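Per-chain numbering from 1; labels A, B, C and D assigned in written order.
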Amino acid sequence: MNLFLAALGFCAVGAVCAATLTRRVRVPVSASLATIGCLLAVGVALQVLITGDSSTFHTAQLLPMTGLSLTLDPLGALFILASSFVGAAACVYCVGYARGAMASRTAMTMLMIFVLTLLAVPAASSVMSFMFCWELMALSSLLLILTDQSHSREARGAALWYGVLTQLGAASILIGLLLMTSTSSGQTFADLSAHSLSLSPSTRSFAFVLVLLGFASKAGAVPFHVWLPKAHPEAPSPASALMSSSMVAMGVYGIIRVGADLLHGGTVWWWVAVALLGVVSALYGALHATTSTDLKRLLAYSTIDILGLVLIGVGAAGALNDSGLPSVAHLAMMAALLLVVAHAAFKGALFLAAGAVERATGTRNLDELGGLIHTMPSTALVVAISAGSIMAVPTLSGFSSEWLLLQGLLHGFTDASTPALIVMLLGVIALALTGGLTAVAFVKLFGIGFLGQPRSVDAANAVEVPLSMRIAMAWLVIPSLVIGVVPGLFISLLNRAASTGMGATVVSPIDHGTGLVVSQLRGAIQPAALLVGLVGVLALVWLVNQRLAQRHARRVDAWGCGRDLQTPRMQYTATSFAEPLQRVFADVLRPQSDVEVTHVTESRYYEQSIMYENRVGDVLEARGYRPIITAAFRVGVFARRLQNGSIHRYLAFGFVALLVILVVVA
Amino acid sequence: MLILGILAIPLATTLLAAGVSWRPWIGWATAVSSTAVLGLGIWLCVTTLSGSQWALNHSLRADSLSAFMVVVIATVSLLATLFTPRTMRQEMESGITTARYARHYVILMQVFITCMLLAVLTANLGVLWVSIEATTIATTFLVSHRRTDGAFEASWKYVILCSIGIALAFLGTVLIYYAELHATGSVHSSSLDWTSVMAVAHHLDPNVTRLAFALLVVGYGTKVGLVPMHSWLPDAHSQAPAPVSALMSGVLLTVAFYGLLRFRAVAVAALGPTFPRTLLVVVGIASLVLATVMLIAQRDLKRMLAYSSIEHMGLLALGAAAGTPLAIAAVLLHILGHGITKAVLFLSAGEIYYLEGTTEMAKFSGLLARRPALAGIFGFALVSLVAFPPFSLFVSELTMARAEVDAGLWWAVAISLVCLSVIFAALTRHGRQMLMGTASTTDAAPSTLAPSMAIPLVTALVACAALGVLSWPLQSLLAHAAQVVMP
Amino acid sequence: MSATTTTLYGVAATLVQVVLLGLGGPLLVGVMAKVKARAEGRVGAPVVQPLRDLRKLLTKERLHARHASVVLPLAPMVILASTVVAGAISPLVSTHPLLGSSADILVIVYLLLTGSAAAALAGLDAGTAFGGMGSSRAMTIGALAEPALLVAVIALSIQSGTSNLPSIMSSTLTHPDWVFGPSRLLALGALLIVVIAETGRIPVDNPATHLELTMVHEAMILEYAGPELALFSLGEAMRLGLLFSLVANLFLPWGIMTDHTLLSLLLGTVALVAKTLLVALGVALIEVRSAKLRLFRLPELLAGGFVLSVLAVVTGLVTR
Amino acid sequence: MNSTYIAALELAAGAVLVSAVMTLWRRSVRSIVSMLSLQGMALSVVAIVLALHEHEGALFVTGCLVFVVKGLVVPGLLRRVSRLDPRSRESRPLVNVPASLVFAAVLIVLSYVVSSRITGLSPSDATHLVPVGIATVLVGYFMLVTRRRAVSKIVGLILVDNGIALVTFLLTSGVPLIVELGSSLDVLLVVVVLQFLMVSMRHHSDTDRLTEMKGLRD
């Protein structure tokens, strides 16, 4: 615990340094302090996960009237591990990245506080402490969105959406938690957990629904996701990496902590609801990721997709536990947690790489990129591995976790109750569908962004980013490889975390080793062996290839249908790449396209120019949220009439009140 | 002795200001006087922890609650008076004020502060009423200080609405007195004193007390800015000079609320918790909802801040409705946090008004680019206002919510949180419009802020954040003060 | 039976499988071309023509497009490697190939997906219009076909209670009645559609066309020549062989080697060849009898396949 | 003695209410102010009668104070203000005079209904008259709401105040002297302030803005 407090302390000192030091030393000093803090936290989290010990810290000196409570337990430690790992990368990245607005006092301070709260939220163990860290996390991320491009319309709009939805979510969480506190004597999570079974079932369900709404919105679950594809792209890259990898995971953490740990499971429909949210999110996110042309927006939608899969895992775990299959439930929970950790790493790496691309080219629009593999080879490699991981290429981390998830779902088929069965079925379908769609999205990302010819001058003139940024990206690639190749090493850690999450210690259904073996299911994967096979074959083919034919290739022009000149504009763009799929799913995506044809003045049969524009907005935003906002604004305009300046009216308010009091009270 | 000192210092300053014509050093003298009051107030807090203090033949009395309110008043008036020289200089430069009116201004400010101090230090509930009514008179001319159409209109409405409202409070006080006399059976010298009323509070006639409390809620609610008698508030706050708005919004409202807190204790003792709670919840929710809908499409910066005061008063009413010691402690912390935050906001809004020449929000944008320091202070104060941690409003709002849920008012908490979220959206939208965006005028270099302005405001914000993070300075005082108004 | 023997036979089976795929894949392409030619009344090229093509291509000059990157030579190797590994661990000849315990549905499907993704990236690498077009279309088809493949195989796994392919086959052998259950038949329909889509056969894609508007796979490999084209074609041919033989084995597992004798190894090999030829014959006949679908009608077909596979799962769960 | 006391008390209290209703009836600002003066005097009579009956020295002082402040000073101030206004008539009230009178009747009935709870606590000759005080408060408030002229508004305010004072005298024979002094001073100051504001505003801009002030609005 002391080490953990020290880690928090380093981040806090980093924040103070960022707020007070001069511009020149601010970034390196605060970033290195926070990096040390994060690395310490990685160590502490690993230690807790390995030993399985919990420890608690309470002080009445902080947080008036309630005191600050922190508890380190394996479940929280897993999330701390994820956020501190990415946090360290983000801080190192900052050294090279921070320029202009990002190096400003506010931005750096907020980044440090953001890292601090990401470490503290999973450790906070009372209602007040939790809400304090939670809101501080919201505030710091909100301000981070605003700092980088405070003058762009998108950033401001994104910040507003984010702020409002996160506030509504926090309100919902707060009421839910307070409903749970109302009968217990204390407000620490231990008290809540001890007393929650004495609450009436309807109160528990109501509290869970409220809490779920709030956390689901943080986790980007559809239909509460609207803020996410707006906010994540607009934040500076270290912040968006943290938001997309760690902050969204806090939503999952909250659902597990409250639903499974504090409320002890509850009824099956809770978890069916969680899983349904997951199914919808996974599909919606994957679909939008395939059609997005903004690099970071694509990544943000893919976050919604992956978090959807995580929610499916969590929901399945809850539903299976309710069906009396704790061991399978445990499996699903472990899968969800492994996916959280894996996602944190690869999505963090991708966002950092997106920041590198933006830094090098000045744009995030895939339609203006291309050919970056020649100029930014390191970044390209990071993107390739991380994208491979998210596409679940075997022997990378995404694959291990998705395999585990599928095992959990399949296992449930054998003897789960009907609601659980429906969850499993939908989960499997969602897993299958998103697999294909994610592949499209990330082939597009890498293929359009990094291969081919540069589509703009800026993309052609890109240069590789500074060393610190590359180190940070490389750091985040490590988990993708390690979890992918030797997932078995993490099973005992996950087992402890999942036990806390399920509120019971269950013997891990997974055998130890470097691979994953679920003997009950006769299912196993040995990624290390697969990797040896793959690399062996690859090497063999390479050797054969080199021996059989001439060694060096002659460079020739690509075939241009008989034309000599091949311009970059002739290439497929991200928009055109996704067009067939967009057409297939037009009913869901509702794309809007305009074609504007300018004819030559002499004849209508010849065109001077054709302009084609294609937009894929968020249907849920347009149909679900806009009407509410418009209505609220109408109410606001109408309400102005209440205060129309007439003193007679003002006096009449009071007169009526007086008469009402006289009639009612006396 | 301490109590007399607290009252004597601003009185002496008043006499000093009345005695000589306006000089900038008088402005600084008022700041010194506020600092002295603050020091004595803190001392009073320490002494009252061990028991109530009396003065002037038992006509003045201080317990922890009064002492805490003295600190609140002194803190906010320190902030406001620190800006007096600056405001006067600016107004004289732009020809709004002459030395004569500057002198009036300083005198009235000190009278105003003295009245508020008297309101919290008097032992008699009748004198409480008298001094709160006296603040109306003192502030009228402060509201109309600018001598524009709007200022006169605002102060006219202010006097009419507040007088009628406070008259109802007087009727309520009379009814309490009537019930007290009936309960004790005789008149004595300390009748209508807080202690003697509380001594027989359990025996007060419920019918009379019920009516009396309802009238008091509407009456003092007028000064607090609670619906339905809130209408003066946006007008007066938007027209008064910035330091006056800061004082009015920061402490005048809450001094009136202090009165309500006292009477709530009487009413709960006589009636049980249900009736006072229902009434306070009704006005609290009504105020919140009104503030919410008025903030959505608000156009004027200072009116926006005024409606936000109504919102916070609604929250205080809800907190008082819960009425547990925890809730009252949170209410008190909220009073302090809101006072500081609102003072910072009004003072920086005054500077914005001076620099931009308007308070209509649509007419200026890109403040962060043009005046980073001022806009930064304003922005962080807005963050504090919407109750984000680490600022103390967060802790107090959360604790109030917790106490309200404990009291079974979870539905009220739900409504208030929805309102707060909408208000957050509205304030963020307005704030974004003002602070961000492209600069409407093409100022070459971002202008800086004078240290005399920046230091107090930043210190105040840091203090507000410290109050929200550290328990140490206030914890026991708040608990003690909350016990005072426990029936 | 000692562990060494088991391993030895596993290695043997794996080697046989890889060799079978390597040689048989191109031959299978030849056979199908021959069958189609015959059905259309032509003589057609000899069955070994694809192998000859490969040999010839390997001797040609290595040509790379000007803007291509390392992806261009790497992609065929990745396709080849993923297919070889998938083929090596899949239960084709034996239910106990090397690493057979890792032959999970998800492993095979995602190995194939890796190959598809590599191919699509290869199409985009040269930075031409056609390559992008081919990649886009191939990924669209893949995005719709892979889920159907996964769900269809999961339908098979319900009865067996595992997602491990060798286990699915073993349990099918012990419960022959499962084969003709409604769930299996629905899954078979889905799998056939998927396999046709994945291997780029009519009505999804025409491997023989070079017409710009209709080509999918051929557009993607337009910039390939010489040795790289050879590797690419070999990889694709092996994919075809792997998919056909997997479908054959999943529905007609009989003949597969379950014990460890040389005879059964031989029998397994012969049975596999026979079953795969049967599937190839069927697909070839379908190809002859149908016309290529318009690109934008394809989703309907693939969605149909997906629905069939979901129905198979549901049926499997209901009749469980 | 006792019957004289009751008669005097009832007469004076009745005069307070009647003058309140009369202010609603009259249109001329001058006569409205006269009614106010009459009411102030009647109020002081109530206080003095009560003081004589109960031998309360403090109440007697209060009564004299009320006579001076509310009977003479305040109306005098208002007269001075109204002289400034050439068109000093309440020509178009928001609710016309007949309707106002009917409404006043309703308010009086209401105040009798609601006062029963208060008077029930200690029934006496004086407390029986509390409804008169409440009715005066309500009528005054009604006047404040519906009358347009600035002077009428001030009169309404003072009517409310007088009503409350009447209730005070009747229920508790006045509040402690310090409070009474303070409240009287406050009322006086409010009137002074309002008068000053009216003069300033008139001085500052045209008169029409005074009655139809709607410059500050949302």
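Following the convention adopted for this analysis, contacts are C-beta pairs under 8 Å (C-beta built on N, C-alpha and C of every residue); 3 or more make two chains touch, one makes a residue touch a chain.
These numbers were taken from a predicted model, which means no experiment stands behind them.
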item	value
Pair of chains joined by the greatest number of C-beta pairs in contact	A-C
Chain closest to the assembly centre - both centres taken as Cα means	A
Cα-centroid distance, chain B relative to chain C, in whole angstrom	77
Computed distance of Cα centres, chain B from chain A, in Å	43
Computed distance of Cα centres, chain D from chain C, in Å	99
Chain centre separation in whole Å, for chain C relative to chain A (CA means)	35
Contacts with 2+ other chains: residues of chain A	639-640, 642-643, 647, 651, 654, 658, 662, 666
Shared interface positions of chain D, touching two or more other chains	114, 117-118, 141, 144, 153, 213, 215-216, 218
Residue numbers of chain C (touch at least two other chains)	none
Which pairs of chains touch, using the document's own definition	A-B, A-C, A-D, B-D
In the complex with chain A, residue positions of chain C that touch it	58-71, 73, 77-78, 80-82, 84-85, 88-89, 99, 101-102, 104-107, 109-111, 113-114, 116-117, 120-121, 123-133, 135-137, 139-140, 142-148, 150-151, 154, 157-158, 161-164, 167, 212, 222-223, 226-228, 231, 295-296, 299, 310, 313-314, 317, 320
Of all residues in chain A, those that touch chain B in their complex	60-67, 106, 127-128, 131-132, 135-136, 138-139, 146, 150-151, 156, 159-160, 163-164, 167-168, 171-172, 174-175, 178-179, 181-182, 187, 632-633, 635-637, 639-640, 642-643, 647, 649-651, 653-654, 656-658, 661-662, 665-666
In the complex, chain A residues that touch chain D	639-640, 642-648, 651-652, 654-655, 658-659, 662-663, 666
Chain D to chain A touching residues, read off their complex	94, 110-111, 114-115, 117-118, 134, 138, 141-142, 144-146, 148, 153, 213-218
Complex interface listing, chain B residues touching chain A	156-157, 160-161, 164-165, 168, 207, 210-211, 214-215, 218, 222, 227-229, 231-232, 234, 290, 293-298, 326, 329-330, 333, 366, 368-369, 376, 383, 386, 388-390, 392, 394-395, 398-399, 401-402, 405-406, 408, 410, 413-414, 417-418, 420-422, 424-426, 428-429, 432, 436-438, 467-472, 474-475, 478
